[in-house]
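Working notes, structure below.
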Amino acid sequence: MGGSDLGAGGFHPPLAAVRSVVAAALAEDLLPMGDITASLVPAGVEVRAAFIARQSGVLAGTLSVEETFAQLAGSPLGPSAPGAGADAPSVRLEWSCRDGARLEPGCVIGTVSGPLSLILTAERTALNLLSHLSGVASATRRLVDAVEAAAPGCRVRDTRKTTPGLRALEKAAVRAGGGFNHRANLSEAILVKDNHLGGLSITEAVASARAQWPGRHVEVECDRFDQLDEALAAGADMVMLDNMDPGQAAQAVERVRSRSHSTPVEVSGRITVETVAAYARAGVDFISVGAITHSAPVLDIGLDLAG
Amino acid sequence: MGGSDLGAGGFHPPLAAVRSVVAAALAEDLLPMGDITASLVPAGVEVRAAFIARQSGVLAGTLSVEETFAQLAGSPLGPSAPGAGADAPSVRLEWSCRDGARLEPGCVIGTVSGPLSLILTAERTALNLLSHLSGVASATRRLVDAVEAAAPGCRVRDTRKTTPGLRALEKAAVRAGGGFNHRANLSEAILVKDNHLGGLSITEAVASARAQWPGRHVEVECDRFDQLDEALAAGADMVMLDNMDPGQAAQAVERVRSRSHSTPVEVSGRITVETVAAYARAGVDFISVGAITHSAPVLDIGLDLAG
Amino acid sequence: MGGSDLGAGGFHPPLAAVRSVVAAALAEDLLPMGDITASLVPAGVEVRAAFIARQSGVLAGTLSVEETFAQLAGSPLGPSAPGAGADAPSVRLEWSCRDGARLEPGCVIGTVSGPLSLILTAERTALNLLSHLSGVASATRRLVDAVEAAAPGCRVRDTRKTTPGLRALEKAAVRAGGGFNHRANLSEAILVKDNHLGGLSITEAVASARAQWPGRHVEVECDRFDQLDEALAAGADMVMLDNMDPGQAAQAVERVRSRSHSTPVEVSGRITVETVAAYARAGVDFISVGAITHSAPVLDIGLDLAG
Amino acid sequence: MGGSDLGAGGFHPPLAAVRSVVAAALAEDLLPMGDITASLVPAGVEVRAAFIARQSGVLAGTLSVEETFAQLAGSPLGPSAPGAGADAPSVRLEWSCRDGARLEPGCVIGTVSGPLSLILTAERTALNLLSHLSGVASATRRLVDAVEAAAPGCRVRDTRKTTPGLRALEKAAVRAGGGFNHRANLSEAILVKDNHLGGLSITEAVASARAQWPGRHVEVECDRFDQLDEALAAGADMVMLDNMDPGQAAQAVERVRSRSHSTPVEVSGRITVETVAAYARAGVDFISVGAITHSAPVLDIGLDLAG
Amino acid sequence: MGGSDLGAGGFHPPLAAVRSVVAAALAEDLLPMGDITASLVPAGVEVRAAFIARQSGVLAGTLSVEETFAQLAGSPLGPSAPGAGADAPSVRLEWSCRDGARLEPGCVIGTVSGPLSLILTAERTALNLLSHLSGVASATRRLVDAVEAAAPGCRVRDTRKTTPGLRALEKAAVRAGGGFNHRANLSEAILVKDNHLGGLSITEAVASARAQWPGRHVEVECDRFDQLDEALAAGADMVMLDNMDPGQAAQAVERVRSRSHSTPVEVSGRITVETVAAYARAGVDFISVGAITHSAPVLDIGLDLAG
Amino acid sequence: MGGSDLGAGGFHPPLAAVRSVVAAALAEDLLPMGDITASLVPAGVEVRAAFIARQSGVLAGTLSVEETFAQLAGSPLGPSAPGAGADAPSVRLEWSCRDGARLEPGCVIGTVSGPLSLILTAERTALNLLSHLSGVASATRRLVDAVEAAAPGCRVRDTRKTTPGLRALEKAAVRAGGGFNHRANLSEAILVKDNHLGGLSITEAVASARAQWPGRHVEVECDRFDQLDEALAAGADMVMLDNMDPGQAAQAVERVRSRSHSTPVEVSGRITVETVAAYARAGVDFISVGAITHSAPVLDIGLDLAG
């Protein structure tokens, strides 16, 4: 199992996060009686099955699949039991491709061999994770491809609009899809948004951030050009254009560049695969899109028994 | 707080499930330093904010929002602390509508009043849950509306293709959207699918199910008409038509009705809001759709500070 | 290790359930200082010990014993440590029989070999689980044997009167004893009991169940014959006779058969191994008995050091 | 709620233990859909119900019942919700007697008033805990009554043969029944048993215990009189007579008294309510009985809706 | 209770972190039998006790004390129980000062009033947390005071050398002591250290960081001046001088300033309260010290019963 | 891995405790994105690194280091993946010495070999645990060495003043340092302290302890000589001298010896390595010191890449 906590070019989430998600998923699918349909299958039947892409997209979540089988297969004490040769699960997973790979319909992602009943029990949990995370990676890649064609230096980022409980896994899937991760959580960096202004001004917020949290990245979300001016004057590390159209974004970029050459500009707010190229061409550095995590449809992947 | 574990007509998930999902969501958003941006807001600022629908759809997840604020507001010992009048959070949530309600853009879902910093900290977790679950409810309702117009007795059901960790919440959201819940998990009922046939025949599976799990519901997924015949002869409680088009489904229903008048027929497999009415008119009793849980985009809901 | 989540003919509980029960049991027995008596035993002593039945009964819980030793023996990284040949635990478990087997006094259930100190530390947790679960299996089997002699088609079922935290393990033990599982929990199926009638009638309950939870099994508990009539008229899937004597039960069965040939009849309420045959002969389909889980004495099993 | 962690004369288990047991019990009974039968009950129905003893015995577990209702009733934020007057659960528990009280059939233990659906959902979890723990207390009390009549100074103790996961609750129930707690776990005190002698002698064990664990209580289990002599010579703090009949026990007590006047003597091994008085009269100080925790039948307690 | 997740000027850790630390601490101190000494205290005794500083220092950890009492006092359902007036714990906490306050010997930090037995049970857990976290705050403040006197703009920071499981609480205590938080964990920011150079050069590391993790802060630890040059040329956001003496640090600062005016310089490595002023005067921007979290002695705080 | 739960002469904590501490430590260091700096290291780089003592002291915590690597290296299913030869982590740990060993600066404690990125990710968690626990062992050993030189029969003990969440690990480290463990928690033994006397007298406390908790160890803390007399007259098993100077302690010991030859005497209260020998020479049996757990500075240990 890809033990490194960031193997495959940083596309895997930490194993600890995968472990707890898989444990929760198996618990909600199996407790208390286990897989009563699989219990009908004769004990000795061994099969080989393949994970097959049924759509084009980008793969993510293979570590979660490994963990699903590992948790079902159980502890390593087993083979010493009598008849272990027959009883002990000898599940084998072989990947033809790993997270980040582009998939075409019919593409074999990997194969698993072992007891049929165990594979049937694992199937839905493994596919739920694999197809959801590949869906996130694929939605990301669609945006990234559009952006790269339009403005190579511009980058697509995720947001904190992730599915509750799955943030670590979805952020890894975004990376697998060619995207980049914005701040992981509220603890990591400062992002002053419109609702914060109910309590203090942009100038006050940036000054207070510098005083209390030196060394932290400070970004300010701006709806209007005067807010941009205020954020730049206050010394924000980055500005985020909120809900501007591409034309406004281009103007905003120009205004920022004229005042602070090196301050990166991010744009956010209901950007789609249709509109993303226009934003990229507006000259922004980052485009952050909540939909790649909160509204990505699954990538259709199946598990087919071999011959 | 809606204490009953199935209040509001059965639209709420068990509180235990909500508690653990919210705790996980807050932990991934706040640890270890908390909300460092909200820490910049002066302590005494109290506000009132409203959850506003920005799209048409169906509401779900209000219990999760309550739990989010409750977990952040902390233990009830507080008011005895000195200055409790000023310090102690007095968060108030008032709902204008609850799970199952139809929303139009601009509709006020509810309001929250309390310390600005606490509301800012809760905002994203609350909205992530509310917009995801309302997205599930809304996707369900779109199908249900189409089905009810076409064939009133036909029902839309969910599947086990839920987001890992969120099954209880998503299944409640399906109910809020007018859908019904298929089996909760592998432990509850028997559903013989194509991959099981790698180990035993339909006839064997049903016989074995009756012997080992008497009293459990036995459903058999069928790709072909001869499988339907075998399932009915074996005495399945329900048959599921897999990946048939509406015409095939109508034929299959007729075939089932001619053999076993009372056996319900379910259809499944890539059914969309465009095709669902045709399936309903084919005479099936249940239409189960994975996409309402695994691929529902969020319903856009915002939190606006009151004037 | 019996990796399948329902190996051995469905007699094993899900591994996830076993894992958490064993972890809790070891924590309550070992924290914080560990087994201070076993710490007195010289490190190098290796032994072989046998699990021996001291009473007649039926075996259950072998997977829990495996998990106990596995959790104590620790992670597989160990053998690379220096002196691993001596230090690393090499616990071996060999089963002579598995869950569901009938035991006689003196019967060797299995043997474990490895470090004496580790085996001493595991002993009580392993035996507590094995003797409790075998006690459940044995109590079940006593009823099943009586029923099978009296009325072969009649089946013994468990209830939700299980030990808190052990439901999955006890329900598996019931299966090992030849019994069958009633609904796993409140989420799975509808059972209208006397206290529900404080809120609505049987007719209303069944109608509401059909409307809200189509496809779910609906059973109605009846104290009186008029309730039976109402339940059948309402279309219940099964009726449960509550606290009737065998004579009343026979009358009730006759009444049900005369109205609805195929509706199964269950009986429940303080049924014992002395009275169960009479109920079986009354013609009921299912006899559910809380005592097999809530009041089963342990089966006496010991761990004897070899030679 | 009995906030002290050892209120009522030490009969309550720590709240932390109760919390996790109740949470596990509710999770296994309610996930994922909640109580689907209670969902059929109209929302506004409020009732009053009484916990009624149906057998003679001793009460234990009231704190667990309180916690069950508290966990279902949810967070205290609720009453601020609109319509809180109608929606918010206002569960009230009133105890007529608490842990340790003797019960007669028909005795009202306490009453609960609140929403019918919530009370129905809580019923089985509350009763499972209350009847199991009262069963433990009652089994203990039967032995204690017999011992107190025969030899007032002699005390009944529990063992580590408790139900996995319930040790803290069962040990409190033993105290409620008039019994006393032996060591809580392997970490707390030293008890040299027969299987330890596979690794070292009694003399070595006691010497090693004194050297490594000074200040810890050292008890030695003895099957034979020469072992008693060895244990006393080694300076054990207490001796345990294992599987001796009352006559042998009396001889053993005499032998111990002649060598070490103040060393307490305990006896253990398949002692029943029929034989316990004879052991008490043999002069032992403690009688420890595994059956009071591992084989106590439940005490029959019901929940009756008030007229 | 300080409900905001970053009240008191950001000195409190997230409530979720406090909850789990307190739950673990109480479990390890109370399971399974509870506080058996406190059980000896008569039930009705109510007292008032004061937390008193016995040393000079800075306060931290008051939220943990509140949570300790809250978890012991239990659920809010209680007061409805009969005799609640007497039974229900009415613990009141009143703080005279909160996290960040400077304490002198004899200073009253706060008072608690309620049942003596509950207060005794809470005492050690509350004091362990309060004295450890105040110890961290005090050690931090000693360095901060020395630095502020020497070079006002220089800031003291913590490291990842925190006590396992307590990072969130210790980082909050550092802030209470006037220090600032370095990165929270390995996930948040990039810090290239000497051991990383076993795999790639500084230049490669910075380039790769920019490519894979744009927008993340990149700091490079340097032992030698040529590494400083390489780090600056590569465009690091900050450099960390590792294990240099104050003279070397001053030279290093000069070298950095001559090449990149605005790049902040941090110094780390066995800096003590004796040497910290010299480092501050060397012109560095940040001084990070592991000892404030990993080796801070507790601040002596006692709990004295009033009159 | 040292599978026995008390191997190495009882110096290891239970594996269950180590598991949960390591899991918490890794979660707080790695979630949600993993080690983003280590992600920059090329995947194929394998290294060998050594744990090196940089100070004199005593080693403790090797089991925690093993568990850290084991949790990062993941499940054993991996090697079956394609390219497993390259991908699968093959971490090897070899210890040159284990818990309890005396270390000198430069001493190699052990070596680890495997993927550089995995070792970098594990480094801080492993060192935090190893250096903290070795710090506890070393602080203990300094006192023990002083005591053994002064009065060989006198023993150093810990207290309940441990770091929240780490009690099991710190108590094992105390044993590794040559110290002994006082009671583990409030549940295990009775210790009547000054604050208890707000509720009852010493005489009442001891009598009540004997009645309610027979067989439990009863120790009484005494500030004054008349309290000593009262405690001895009441029959306490041990007395603890609180905050006496060595001269007073010697007088107290004499007073106790004159009244009860065999009652052990313990002394506690701000004893340091400078004063401990004087206390030992005063004739006490036990010296308990909170500082060895609550204020022990870490032992400086580094991880150096080989060659």
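As written, the chains take the letters A, B, C, D, E and F, and residue 1 is the first residue of each chain.
Quick note on the criterion: a residue touches a chain if its C-beta (ideal position, glycine included) is under 8 Å from a C-beta of that chain, and two chains touch if they have at least 3 such contacts.
Values in this document were obtained by computation on a predicted structure and should not be read as measured data.
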Next item on the list: Please give the intersection of the contact partners of chain C with those of chain E.
Entry: A, B, D, F
Next item on the list: Return the chain pair with more inter-chain C-beta contacts, choosing between B-C and A-D.
Entry: B-C
Check: Based on CA centres, what chain would you say lies at the far end from chain F?
Finding: B
Margin query: Suppose each chain is reduced to the average of its Cα coordinates; what separation in Å results between chain B and chain E?
Written below: 41
Note to self: Can you work out the whole-Å distance between the CA centroids of chain A and chain B?
What the structure shows: 22
Check: Can you list the residues of chain E that touch 2 or more other chains?
Finding: 9-10, 14, 28, 30-36, 38-39, 71, 73, 76, 91, 117, 121, 167-168, 181, 184-185, 187-188, 212-213
Check: What topology does the chain contact graph adopt: line, ring, star, complete, or other?
Finding: complete
Note to self: Under the stated contact criterion, what part of chain A meets chain C in this complex?
What the structure shows: 23, 26-27, 30-36, 38-39, 43, 71-82, 87-89, 91, 115, 117-118, 121
Item checked: Residue ranges of chain C in contact with chain A within the complex -> 1-10, 12-17, 66-67, 69-71, 73, 76, 91-96, 167-168, 171-172, 181, 184-185
Checklist line | Of all residues in chain B, those that touch chain A in their complex | finding: 21-22, 24-25, 28-42, 45, 47, 49, 116-117, 119-121, 123-125, 127-129, 131-132, 135, 160-168, 185-193, 195-196, 198-200, 204-205, 208-209, 212-213, 216, 291, 294-298, 303, 305
Notebook entry, point to check: Can you name the residues of chain E that touch chain A in the complex?
Noted result: 9-10, 14, 155, 157, 180-182, 184, 187-188, 212-215, 217, 238, 264, 286
Note to self: Please output the residues of chain C touching chain E within their complex, sorted ascending.
What the structure shows: 28, 31-32
